[in-house]
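Labels for the chains are A, B, C, D, E, F, G and H, by order of writing; each one numbers its residues from 1.
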Amino acid sequence: MNDYKKLLEGVKEGSISIEDALLEIKKKPFEDIGFAKIDHHRSLRQGAGEVIYGAGKTPEQIAEISKRLLERSERILITRLDDKQAKDLSECLEFTYFPGTGIGIVGSLPEPTTQGVIVVATGGTSDIPVAEEAALTAEFYGNRVTRLYDVGVAGLHRTLSHLDELMSASVVIAIAGMEGALASVLGGLCDSPVIAVPTSVGYGASFGGLSALLSMLNSCASGVSVVNIDNGFGAGYLASMINKKGENR
Amino acid sequence: MNDYKKLLEGVKEGSISIEDALLEIKKKPFEDIGFAKIDHHRSLRQGAGEVIYGAGKTPEQIAEISKRLLERSERILITRLDDKQAKDLSECLEFTYFPGTGIGIVGSLPEPTTQGVIVVATGGTSDIPVAEEAALTAEFYGNRVTRLYDVGVAGLHRTLSHLDELMSASVVIAIAGMEGALASVLGGLCDSPVIAVPTSVGYGASFGGLSALLSMLNSCASGVSVVNIDNGFGAGYLASMINKKGENR
Amino acid sequence: MNDYKKLLEGVKEGSISIEDALLEIKKKPFEDIGFAKIDHHRSLRQGAGEVIYGAGKTPEQIAEISKRLLERSERILITRLDDKQAKDLSECLEFTYFPGTGIGIVGSLPEPTTQGVIVVATGGTSDIPVAEEAALTAEFYGNRVTRLYDVGVAGLHRTLSHLDELMSASVVIAIAGMEGALASVLGGLCDSPVIAVPTSVGYGASFGGLSALLSMLNSCASGVSVVNIDNGFGAGYLASMINKKGENR
Amino acid sequence: MNDYKKLLEGVKEGSISIEDALLEIKKKPFEDIGFAKIDHHRSLRQGAGEVIYGAGKTPEQIAEISKRLLERSERILITRLDDKQAKDLSECLEFTYFPGTGIGIVGSLPEPTTQGVIVVATGGTSDIPVAEEAALTAEFYGNRVTRLYDVGVAGLHRTLSHLDELMSASVVIAIAGMEGALASVLGGLCDSPVIAVPTSVGYGASFGGLSALLSMLNSCASGVSVVNIDNGFGAGYLASMINKKGENR
Amino acid sequence: MNDYKKLLEGVKEGSISIEDALLEIKKKPFEDIGFAKIDHHRSLRQGAGEVIYGAGKTPEQIAEISKRLLERSERILITRLDDKQAKDLSECLEFTYFPGTGIGIVGSLPEPTTQGVIVVATGGTSDIPVAEEAALTAEFYGNRVTRLYDVGVAGLHRTLSHLDELMSASVVIAIAGMEGALASVLGGLCDSPVIAVPTSVGYGASFGGLSALLSMLNSCASGVSVVNIDNGFGAGYLASMINKKGENR
Amino acid sequence: MNDYKKLLEGVKEGSISIEDALLEIKKKPFEDIGFAKIDHHRSLRQGAGEVIYGAGKTPEQIAEISKRLLERSERILITRLDDKQAKDLSECLEFTYFPGTGIGIVGSLPEPTTQGVIVVATGGTSDIPVAEEAALTAEFYGNRVTRLYDVGVAGLHRTLSHLDELMSASVVIAIAGMEGALASVLGGLCDSPVIAVPTSVGYGASFGGLSALLSMLNSCASGVSVVNIDNGFGAGYLASMINKKGENR
Amino acid sequence: MNDYKKLLEGVKEGSISIEDALLEIKKKPFEDIGFAKIDHHRSLRQGAGEVIYGAGKTPEQIAEISKRLLERSERILITRLDDKQAKDLSECLEFTYFPGTGIGIVGSLPEPTTQGVIVVATGGTSDIPVAEEAALTAEFYGNRVTRLYDVGVAGLHRTLSHLDELMSASVVIAIAGMEGALASVLGGLCDSPVIAVPTSVGYGASFGGLSALLSMLNSCASGVSVVNIDNGFGAGYLASMINKKGENR
Amino acid sequence: MNDYKKLLEGVKEGSISIEDALLEIKKKPFEDIGFAKIDHHRSLRQGAGEVIYGAGKTPEQIAEISKRLLERSERILITRLDDKQAKDLSECLEFTYFPGTGIGIVGSLPEPTTQGVIVVATGGTSDIPVAEEAALTAEFYGNRVTRLYDVGVAGLHRTLSHLDELMSASVVIAIAGMEGALASVLGGLCDSPVIAVPTSVGYGASFGGLSALLSMLNSCASGVSVVNIDNGFGAGYLASMINKKGENR
């Protein structure tokens, strides 16, 4: 509000005419009063500014954005890199690449700071790349993460053998393709929020993840919500948001 | 083949010319040689002739067809009746109506003749009408049937509390709307064929049963196959076919 | 675990043979050891047992279930009642009906016990029935709720005039039909989890809520997840789960 | 109408028989009387004849068509070229290629002749190729163009920081993939026509642009209309049509 | 900006302290500084505030909103009324109802003030209700409108017999169900913007307007854009926006 | 062309000036020169003018159109009437109504004039209304028609028992809902064109006829083409067109 | 029927016993009595046996099938060859390849034997490969063919300039992608059957030909039927069937 | 249950305290008591453990899993291998690859042990890869298999010439793409269960198998159920399950 104070002082002193002041107020209502601050606020709290969506960007663009971000962040998460991008990027930027997950991290993963644990569960082994995107994202934001891979409902004993981890989780991320039943089963077992991630794993009538998506949206278990197909990052980010609600008490 | 025998005898005896015999053979290849027999055969073995699809038929039409069928069948299964049809039909035909299931039966249900048990399981209570269509169909064909209703996967303990029935079933019919996960869970638990029936129960993104249908088609459990949305009759009929494979030994 | 203790004591004392004990353990692994407890546990923590999905149930069924539930609950939430059901139900059960929302409540709404506020925002006035389903659900579970109705993005100043409420919310429920843009805009403004509820409001290419559903799933804002079309209850329940994570510290 | 005048004069003079004249009139009602003129007219006014849709054409075909068009046009716009086509084409035709946009221009872009400004706005950086197709098309037809890229609604302050340009625009082209909310937000802020271009940017439930398409069609803001997914040219052409309505007064 | 002017004058005169003025500015940034003006601005220019979307509103709600709007508007357009609503509404509000179009108008339609003509064309007679919604909307905003109904492409001579009106139109609204080819044909004939409105007229594979919608989006004619299925109001409003660009010179 | 002849004669005689003649030619290019004749031509050859699409028209409108058409036609075909319309219409117009088919005929059906026979076959009894629409349409245009109803492929012997009729048909109309396999089977058996009509008969995954439609479009038999779902009229009309190709030799 | 004649002669002569004859008749009812003849019959009349669907076959398989077919056919039509297959095939089989059309022909195209002309029309130049598949197929079966390419409805004068050819055609094949309006326009202009072929040409909301397919199915012109997307062969084959109905009189 | 027996013996003997035993039972309820056995049970009966889904696995992973499985299985079935995987895998594992089917088998196929025959029928030659996946799977589990390839319904005589095999089959697997009519025709001819496998064979409106899938789900023949598109393994496995029901009596 300093700008406005100066403006008002100028008006009072007569150094700024009322008309000019009015124009000034009219011209910049958004960036000056509130929004720039909002933006700043968000990047401080959420670190959203520290993530780069890698798909479709050249290594040079990613490196350039990284450099700018590093001025105010310790670490950067790059998502949806392919192997070729990662290789080329490694020539102009120092970072750790997690092959098969699309994830690159500039700087190191932090020590987990949360008491609450985010469980990342997958129906099959083919869902692991999406799961790692979710898990690494959650770890990037300082969360404690437990991975339960290949615990799909067609072999219910595998699911149930992890009942302890599931029931003590703060948030559960249920990742599955094909029929996507994992979300409902975990939603019924757990009393924590379940974030369901349909994956494009499958063939035929899975229609690129549509089957799992619809299945998860129709989950008859309470406490289940859904993100986009293959959106591991979104699930990890949201899980971190929720997990941190219960921390720092 | 009697007609052909007579024809050949006539040719041999000279009472039928070769040209006439050729014409005869050419004229009726299908109905005379094999197909009428096939048809007869089918109705004997399958009783398919004893079922009337009630939807869109007038009470008079149903009564008329029933009378013709009763000449060679003891009992008749009428499917997809609505209450109005049933009421009107009851004025011209003696039969038992099962309200809320769309099923009417002329004659009485037979005593079960199979050792094997068909388990009819539903995810919720709203799936029961479809389930009864399946169960009554199976019973109509003489099968022993166990009903497990409202054992949906969001309350897994309900499902698991019936593990005995499920694991000893000869065939399982899994009926569910919404996310349709029941088929996968039962497919993973049982080692008998699972016939999945998606239902149109649900709202929003269930899209009239599409969600459950896709989910069931993508089941990652082996031994699961799917029939049309709400097709209880089809499931009961197929279950009977399979169940009887293991009988009469 | 009392049953198992008795069993083991019997084995130790010799009053139960090892074979009988083994059979007992084999026979009831689920209901006896863990799952009944899980179920009990869930209803205690989540109150999920206290909700009745009214659609497709007769007033008698709802009244009957209510009576059973009232034995261990102070209040019951009934969802998806229509006016006819509500009227009939009022003859056999004392409850408060919220016309136009599908909600009936047996007992009274509790005083809010949370510090955190759940904001329920809608794009238009036609989304209010779904919003009330969400808001009353959240209040039923003791949450403090703020309603911001008709703040759709086509009149952005309406949205922005509530920036304070939005930015201080613990959880935001964004409810919109048609193009469903509200979720993205709120997701960009808030730093709390946003639960998006697509509604079937609209016509033509809204395809019964599909447009809003896809839009919300593709939200480019982080922290947004989606529930089924028109699923106000699911959103309210999940919001309560998340809101309570930050309480009782 | 010269041909008809000559014909009539011939009839009057007797050099053409009535029968021949009738045949002549019958034979060419369309191309001679009106339509050829219509066609001519259109290419004069709209320059539509000066655009080549490059996709699926060989460099030779494009070069050949270009040469014919250059006989009556100063400049030619080629759309949907890929890098390979552009490289091959450069060997037989002099033109400027705009890498990453699919656009090639024979001749030079004209100086803008309009007072009104067309704002081309995109939700993200991945939408820029489509945006450049739109912007270059508008410039090709002599329009003044302002580019506002990466002003998506998840960071509303970015959108609002360009309020001046948006509110003074003559036409706005809103280009976005994923949830396509940009069209509604701009439609609500601006009082000029908004042409919405859904893009195929995104993954999963964006279904190749379907999500953004439906979202934009359902826009609750007035003054918004939609063109095909990724159809930058169509948007630029229509925007030019509208912008020029307000010119030359 | 009057409030701000007074505030500044107060500051200049010393009757308001800088601190109080700052607080005032901080407290109501949106409605007072900028957005209310935007809003005000919009209603002046666009009259958007003068339209009531009738669907789903009670007669009382519509009457109430109308009264508020009449304080600053001479006339009000009510869309998507059904006959029942219109009848009930007529008891508490004076207005003219246009049966079969869903349109009610409070006050009288203005004399057309534009030179430019908006042509509203339909493929068949069943599209007329949507067309009247568009035409009356355009007339409500003071546009000159020509109606060309039932000029569908299967009888091309009907279309072509109106070539004069079509070619001299300022804007064309092409309204068609079924195959929606009208938009392409008019787009090819006219050199003015064509706003295509798919309608839900048809059966079978028209899928509620989807066929016409896709057809229109894929129009190979330039200058065509599309609004939602049956959205006559949207087309009429946008056409008015465009038509007025060429006026008042 | 009489008008033009007179015009030319006038020019030749000097009673009309060249300028006036030019103006005349310019003024009415379509209706006078060519298109009116085209239109006239079409109604003569095709009788298309003699059909009234009844859906959505009031009895008064239908009666009015009928009267105009009867001035130049002996008989009129009205399609898609419902029982209510038919009853009301019978009060102002003399015609024969075919209950359950939607067809009304003013005047009497003509004696068949073709040698070639159009076979109208249906998969089931529920397809008969659509079949009668097709058959009556074909008869209306003077074709010889054979009806083969309920010959669906699940009872192949029924299909094959009509091999004679099928193989001697001039055109076959294959009408089926559900899986629509009839078109392929008949396409394989017959060597005449097969016009496939998908019907909306079925439930669940028949999706209103979509299943049969896709099935028929993908027919692996040659000589099969498809019309819109439930479009009996279109099939009958096209069959008549084709059948008449082989007549009058 | 020669086999049967011999059999009957043997029976008459006593050289074959009645039992052996019966067995013979029973053993091979289909291929010997009727179906082989049907099959033979079909290949004689239709030449269907002379077509090879090339897609997915190895050059060796195609060459092998060709050799067998050449024993009883003069010429063979191979469809859906790609350039690679064609090149490899040319090493083991003499044939003419039509690049860009997928068509190869063994032997030479016959002189046209029909009076009637099949018009093959396309909306754009990208539809030509499908059109050539249709045109060459029709020519392969001896039909006179006129090609009218790039006469799409967005430039109606192009369509209308070929009115003569269109109105005198025996059958019209209308081939178009994108919005597929060509079928309706031609259906309205011509009084011969119109076979519509949607093509996968287009992008975005053309959804691989779905837009054109739906558009053509919903054609409001009578006499239009539709084949599968890109199915040039099917259209050419059916057109030949219909064209020949009017020949040899 | 050996672990539990020991535990109980320890309790009886006094070497384990009741508390410790309780803890032990509580700690591992699923894997130890029941589910591991269930799992073990399943792998014994079903051999499900002996199948490896090859898609997306590295040769190393497949080899590793194979080695573990070979400890308790004689043979292993690997599905959905591509040629590259198969080649690489052959360097680290001894197995037989069936090119074009995606199937690899470690060990040798067993001699068939069933009386009942599984008929695997395909509509065309392009369906053979899916058919071989089904047939080899059935043989892998010891079933007698008859292959009937290319017996599609467009050439019904081909289908019918195998009536004997079809009518004596224990289970029929009907595999077809495009219009998928084979399932209905076989379902009508056979009185054994028919497992329908839609394939992705086709183009255009086959939409990757959707057409065949819907067609099969809507089959009007009784006894037909459906598995996922291209899911040969699932069909073969289920057929084996059903076939074995009738064995060992």
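The rule is short, and it goes like this: a contact is a pair of C-beta atoms (placed from the backbone, for glycine too) under 8 Å apart; a residue touches a chain by one contact, two chains touch by 3 or more.
Bear in mind the structure is a predicted one, so any value in this text is a computation, not a measurement.
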| item | value |
| --- | --- |
| Path length in the contact graph (chain A to chain H, fewest steps) | 1 |
| Interface residue identity across copies chain D, chain F - same or different by half | same |
| D-G, A-H or E-G - pair sharing over half of the A-B contact pairs | E-G |
| Rotation angle superposing chain A onto its copy chain D by C-alpha atoms, nearest 5 degrees | 90 |
| Chain at maximum distance from chain C, centres defined as averaged CA atoms | G |
| Between chain H and chain F, distance of the C-alpha-averaged centres to the nearest whole Å | 49 |
| Centre distance in Å when chain A and chain E are each reduced to the mean of their C-alpha atoms | 40 |
| Computed distance of Cα centres, chain E from chain D, in Å | 25 |
| Of all residues in chain D, the ones touching two or more other chains | 30, 34, 38, 155-156, 189, 204-206, 210, 213, 217-218, 222, 228-229 |
| All pairs of touching chains, each written as two labels joined by a dash | A-B, A-C, A-D, A-E, A-H, B-C, B-F, B-G, B-H, C-D, C-E, C-H, D-E, D-F, D-G, E-F, E-G, F-G, F-H, G-H |
| Chain D residues within the chain F interface of the complex | 1, 4-5, 8-9, 11-12, 14, 18, 21-22, 25-26, 29-30, 33-34 |
| Chain B residues touching chain C - in the complex, by the definition given at the top | 125-126, 155-157, 160-161, 163-164, 203-206 |
| Complex contacts: residues of chain E adjacent to chain C | 30-31, 34-36, 38-39, 55-57, 198, 200, 208-210, 213, 228-231 |
| Footprint of chain F on chain G - complex, ascending | 34, 38, 41-42, 45-46, 48, 163, 167, 170, 189, 191-193, 195, 213, 217-218, 222-229, 233-235, 237-238, 241-243, 245-246, 249 |
| Touching residues (chain side chain G, partner chain E) in the complex | 123-124, 152-156, 177-181, 183-185, 187-189, 202, 204-207, 210-212, 214-222 |
